[in-house]
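Look at the two complexes coming up: chain A is in both, with chain B in one and chain C in the other.
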Partner chain A sequence: MNQISCRVPLIDGVEKVTGALRFTADMNLDGLLHCGLLFSPRAHARVAYVNAHAALAVEGVRAVFWHENTPAHHYNSSIWFAGQDALKDERMFAPVARHIGDRVAAVVADTEEIARHAARLIAVEYVDLPPIFAPEAALTHAGHALREDDIPTFRNPVADEVFIHGNPEAGFAAADLIVEARITTPRSHHCAIETHACIARPEPDGRILVLSPCQSVFAVQAVVAQALNLPQEKIRVMKTPIGGSFGGKAEPILDPLCAFFALTLRRPVVIRYNRHETFTATRTRSSVTGRMRIGLSSDGRILARDTETLVDVGAYCTGGNYLPSSMLQRLVRLYDVPAERYRGRAVYTNTTPSGAFRGYGSPQIHTVAEITLDIAARRLRMDPVILRLRNLVGPGAIEPLQGLDVGNARGRDCLMRGAAAFDWSARWQIGTGAGRWRRGVGVAAATHINGCYPGFHEETTATLRLLPRGRAELVCALHDLGCGADTTLAQIAGETLGLRACDIVIVPADTDTCPYDLGTRASRMTYICGEAIRRAGTVLAAAIRTAAGLELNAEAGDLRLAAGAACRPDGSGLTLAELAGRLFARGADLPAATETYRAQANPGSYAAHFAEVEVDTLTGRVRVTDYLAVHDVGRAINPMLVEGQIHGGIQIGVGYALYEDVAIDPLTGRMRGDSFSRYTLANASVMPPMRVLLIEEGEPTGPFGAKAVGEIATIPVAAAVVNAVNNALGTELTHLPVTPERVLAAMNL
Partner chain B sequence: MMPLAIAVPADVAELRAAIVSSMNPVRFLAGGTDMLIAGRALPEAGLLIDITRVADMAFISTDGSDICIGAATTVATVASHPGLRARLPALCNAAAQCGSVQIRNRATIGGNIANAAPAADLMPVLTVAGALLRLIGRDGMQSEILLGDYTPAHGLITDVILPGAGLLRRSAFVKLGPREDLAISRLNLALLADFQNGCFGAVRIAAGALSHAPLILSFAEAALSGRKLEAAVLRDFLSTLAAEVDAAIPGRNSQLYKRRAIAGLGLDLIAQALGLSPRDRLFEEAVE
Partner chain C sequence: MKVSLTVNGSAIETEILPLLRLSGFLRDVLGLTGLKEGCCEGECGACTVLLDQKPVNSCLMLAFQAQGHEILTIEGLGKADITGLQQAFLDVGAVQCGYCTPGMVLAAEGLLRANPCPDEGEIRHGLAGNICRCTGFETIVQAVFSESAVRQGMGR
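Then we have the complex of A and B:
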């Protein structure tokens, strides 16, 4: 092994830290026009009249767009392939504004300053309509989400998922203890460093090129085609370097507008959102209200579980109708629950739409489940680690929803080794201390998926090709979101070819040159794309050995690829650069291999997190003082990047537990947390010392045994922290974030 | 109206001349951490005077009886000045908790006063220190005014004077924000006090973020002045703090929280002023 399990630095790290990498907002195309958008100040209002005269009179303004002069096609920005069945309820500009921050009009002008200035001059008459902000109230606005002619009605629910497994009534009847809790999780925002941006350029052949910092060029193509009612082949999408996404850029929000403006004006157009716009006019994590009832035997065995979730998807459906079922899919993979009932509903409200965010429902449902389970442990006076161990699934378990094998599931190892490393049994105790500052410890377990199998299109195609100078080109529609997927995948390719990661030249994702791929979602990069690349690399390695064998007059099977060369057993041989040079000189094709990998499994990644907190009982402030994250990753291709993912996941999770909430005002629908001065993230100084322990027992279906870590890293954090607070105070805090006010209120102070 | 004009005076004489010369509204730019924030409307007319190049407006003088701080002195300089830390550590502590490193490196003490939000961190300390402001009015004349009487209409702040007679030997500043640092204060407290032989002498306390301007907590001051440092006195002090919150923000959503949380801040304040740990037994006894 020369690349696997190595702490290889990011292959694009130097370009990033030196500022050489050009992000979308940095790109300056010839003749580029700029946009300024006008957003609704009303939560729910008909756009009765738009007067653009004053804006059009500004020198440098090229056009003003609103609902009357833009396509009226409904679309859904969460689709990832053409023809995907999804509730189409968005328009570029709708005649009814459905949330504060909804798009009303756009000015395209010679500069962004002119465009933004002119946008402020657009006069709009609104006719207010009754808004709905609370998801519970939204349930009363009931009806079919679509009329018979497919016009959206915005009635609720947009999803209603019911699942029953076993006999829940019998399970509850046999239970020694029944625990019920109502948990609410906040709307959090991605807070990527790069705000949203997109460029579109008309091409000489009549097509449109979209340059987008996205998670899937094919998703962008599908959404733009649907919104503009154009054939897909008319749209080419290239991924630009991305300054963080976390799911926030999974949906093409600006791209349809940008493409339409560019096509209409026959000029390249850029849209750049500022921070306020990125907060109020893109996506958030959906807030969830979960009611969970668990029936347990006195020895801690879960006998039955009943869960109801209510998901606030905001003003547009996007992918929100999948959330209740996604949460269910992740819920049933963690514990062996013999009897289960689940109902999940998703509803529209007149608030900023929700969308993908690291974990896609998993942080919500595992937070609900793990806090409820901890309350059960407390009432049973049982060690919460032991309670979890008693119920966790093991390797080869079959989950009850889709009947899938969870693979080499090592959640128990995470808990047991984590408990030992954290010195859990010495630190955990029932009952609170005394005094102003109270310490407590908490634990939470989690699982997450590896890809979309058995869903549509869970396959990918990788091509690896030897290059003239002995490096290798990788074509696989890859979308690194900044966390190092390109580096990890280059390590996999390099491992198969005896090359270094930096010898792998990754072709940026491009709908014209790359085969279809779902994109970076569902924790699938390492597990799915990595396996396709490993297979392509293995085939290419054989082809290289064959070609080298002919050059060296040796048996291909006797040759080994290492350190950029094909070597005989005695170490002699020729470098891949020499081999490529000779082939190239003769006009022979350089070896290449293309492999399509269709997933056959969807194993679970598992984790157990341990947190210690200190709570100031006078001010309600919580400080996380120690943290251990234990992850079943199968095999860490790059331990440094795995640790980086986990550290970042803890940061998001601590914020989710203690600080983050865009805080929609329940009376006005206005987002209070709409800037970094009003939206509190966990920053460096509040982060605890973090330890990471990796369980590397190998997943047989993963590349070199690897499984995903990207999303699961943040999933158990909030529950571990909240459970630690409850342990410290003897409280049953269930509303997140656990702000100082809520801490004091829970203590009845 | 004429479009925005810019002046960049090099010294106080040029500064005064620029102020007097303009018939239009005059705005001042120092660190720019309020004016230049994206999303805020910049002045489009009148005169904008950049005071960052004015000689002798950025200094701290602590050698005389009074402390004098030039209005263009950055918050970072205030935070790290050894002479100031020796005489009024609370002001250094407040400055050190004001915004981020980048903000502190740009923002000025004059700007913090002129643009003061209710949560401005320097204001409670300057209030308990009895700060005077030296100004240049629109007529170019110099004047002095009490901090509490100042509004931006009075003119440009050139110096902040902390009269020596008002400085007490002990001082402290504590704040409570949505997170430990890089946070806007939800509540902050500043204290100046004399403390000898286990007893408080004179005590001055002000709170930020309870009103539009720092609020003098006179009942809390009285609960400590002339009293011995002991648990019973601290309990009285905490009761008065809660009462001060009740009086300041009756019925407001944050009242319930702040009337409790101010107890924690109050103990931290005393501990910092006296060089004690808030985890000392005495403080635990005060809340048992």
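Then we have the complex of A and C:
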């Protein structure tokens, strides 16, 4: 192993650390036009009249667009490929604004300053419609006829998922203890430091080129095609560097508009959202209200569980109809629950739409489940680590929903190793201390998926080819969101070829040159794309050995690829640069290999997190003072990057537990947390020191044994922190985030 | 109005609009796009530059306020090669998406110039105005610590 398990620095790190890397907002194309958008100040209103005269009169303004002069095709911005079944309820500019921040009009002008100025001069007459903000109220709301064709677009619920396994009634009847909790999780925002941006440029051949910091160029292509009603081949999408996404850039929000403006005006166009627009007019994590009832035996075995979830998807469906079933899929993989009932519903409200966000339902459902389980442990007066160990699934378990094997599931190892390293049994105790500052510890477990199998067409194609200078080119529609996927996957390719990660030249994702891939989502990069790349690398290595064998007059099977060379057992041989040079000079093809990998499994990744908090009982402020994360990753291809994913996941999770909430006002529908000054993120001074332990027992179906880590890193955090607060105070806080006001209110109960 | 200042060692004298932000001047007029903008209200620190050796949010300053001052952006930090601090960021994995990185590196540089031997608390406090959404700050703190040790002659 020369690359696997190595702490290889990012292969694109130098450009990042010097600021030389050009993000979308840094690109300047000849003749580039700029946009300023006008957003609805009303939560639900018909856009009765748009007067653009004053805006058009501004010097430098090229056009003003709104619902009457833009395509009326309905689309769904969450689709991943053409023809995907999804509720098409979004338009570039809707005749009915459905939330504060919904797009009403756009000005395209010579500069952003002019465009933004002119956008403020557009006069709009709104006719208010009754809004719905509370998901509970939305449940009983039959729907409005909002479209011209009178088809109700507000049909609630947009999803109603029911699942029953075993005999829940019998399980509850046999239980010694039944606990019930109602947990609410907040609507949080991705807060990637790069705000949303997109560039579109008309091409000489009549096509449109979209430059997008995205998670899948093919998803962008499909959405733009649907919104503009154009054939897919008219649209070329190239991925630009991405300054963080976390799911926030999974859906092409600006791309359809940008493409349409550029095609119409025959000029390249850029749209750049500012921070406020990124908060109010993109996507959030859906808020969830969960009611969970768990029946347990006195020795801590879960006998039955009954869960109801209500998901607020916001003003547009996007992928929100999948959320109740996604949450169920992750819920049933953690504990061996003999009897389960689940009902998950999703509803529209007149609020900013929700969408993908790191974990896609997993943080919500595991927060609900792990806080409820902790309450059960307290009522049983049982150590919560032991309670979890009694119920966790082990290797080879078959989950009851899809009948999938969870693979080499090492959740127990995570809990046991973590409890020892955290000195859990010495630090955990029932009963609160005295004095102003109280300390407590909390634990939470979690699981997550590895890719989309069996739900979607879970396969990918990787091509590796030897380059003339002895490096190798990798084509696999890759989108590194900043997690280091490119580096990790280059390590996998390098390992198979005896090259270093920095010798692998990655072709950026481009719909014209790359085979279809689902994109960076669902924790699938290392596990799915990595396996396709490993297979392509193995085939290419064999071809290189054959070619080198002919050059060296040696048996291919006797040659070994290492340190950029093909070597005989005695160490002599030739470098891949020499080999490529000879083949090239002779006009022979350089070896290449293409492999398509179709997933056959979807094992679980597992984790256990341990948090210590200090609560100031005078102010209600909570501070996380110590943190340990233990992750079952199969094998860490790059331990440094794996730890980095976990560290970042904890930051998002600590915020989810304590601070982060866009806080939709229940009376007006206005987002209160709509800027960094009104939406608190955990910064360097409040983040605790973090320790990470990796369980590397190997997943047989993963490349070199690897499993996913990106999303699961953030999943157990909020529950671990809230459980620690409840341990410190003897409370049963269940509404997140656990703000000082909520802490004080719970203490005074 | 006219402004004269030094940017990355070069003296600049130019005509500007009075309400032009320093961040806009550096990015749009001088083309120094290593400087990133994340919020334009001084909360995220992505646009951090050094003004006379001290970190400032360039989005909260107007360009004319830099009259007579010396500005250092990420482009001016390493002349030919990356600096030890930047290398430390790479070596410990303190860079992920890279968007906050230029501002973070400059905030760290400013911190180390003012306090060559900070403890962990001082590093965390010194970087409190710079938001990173990827790393949880753990490795960033490590990178600054490690560079401070190198500057103290204690090796890496």
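Rule of thumb we're sticking to: the second predicted complex is superposed on the first by the 738 of 749 C-alpha atoms of A that agree within 3 Å, B and C clash if a C-alpha of one lies under 4 Å from a C-alpha of the other, contacts with A are read in each partner's own complex, and residues count from 1 in each chain.
Here, a contact is a pair of C-beta atoms (placed from the backbone, for glycine too) under 8 Å apart; a residue touches a chain by one contact, two chains touch by 3 or more.
These numbers come from a predicted model, not from an experiment.
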First, second, both or neither for A:D517, with chain B first and chain C second: neither
Which of chain B and chain C A:G13 touches, first, second, both or neither: second
First (chain B), second (chain C), both or neither touched by A:R623: first
Touching partner for A:D674 - first (chain B), second (chain C), both, neither: neither
First (chain B), second (chain C), both or neither touched by A:S685: both
Which superposed partner A:N274 touches (first chain B, second chain C, both, neither): both
Contacts of A:W437 with chain B and chain C, given as first, second, both or neither: first
Greater chain A contact set [chain C / chain B]: C
Shared chain A surface residues [contacts with chain B and with chain C]: 274-275, 677, 682-683, 685
Contacting residues of chain B [partner chain A, same complex]: 38-39, 176, 178-184, 254, 256-257, 260-261, 263-265, 267, 278-279, 283-284, 287
Touching residues (chain side chain A, partner chain B) in the complex: 274-276, 435-437, 616, 618-621, 623, 659, 677, 680, 682-683, 685-686, 739-741, 744-745, 749
Chain C residues touching chain A - in the complex, by the definition given at the top: 33-41, 43-44, 46, 73-75, 77-78, 82, 86, 89-93, 95-102, 105, 120-121, 123-125, 127-141
Residues of chain A defined as touching chain C within the complex: 7, 9-10, 12-23, 25-26, 190-195, 241-244, 246, 274-275, 481-484, 640-641, 643-644, 647-652, 675-677, 681-685, 687, 689-690
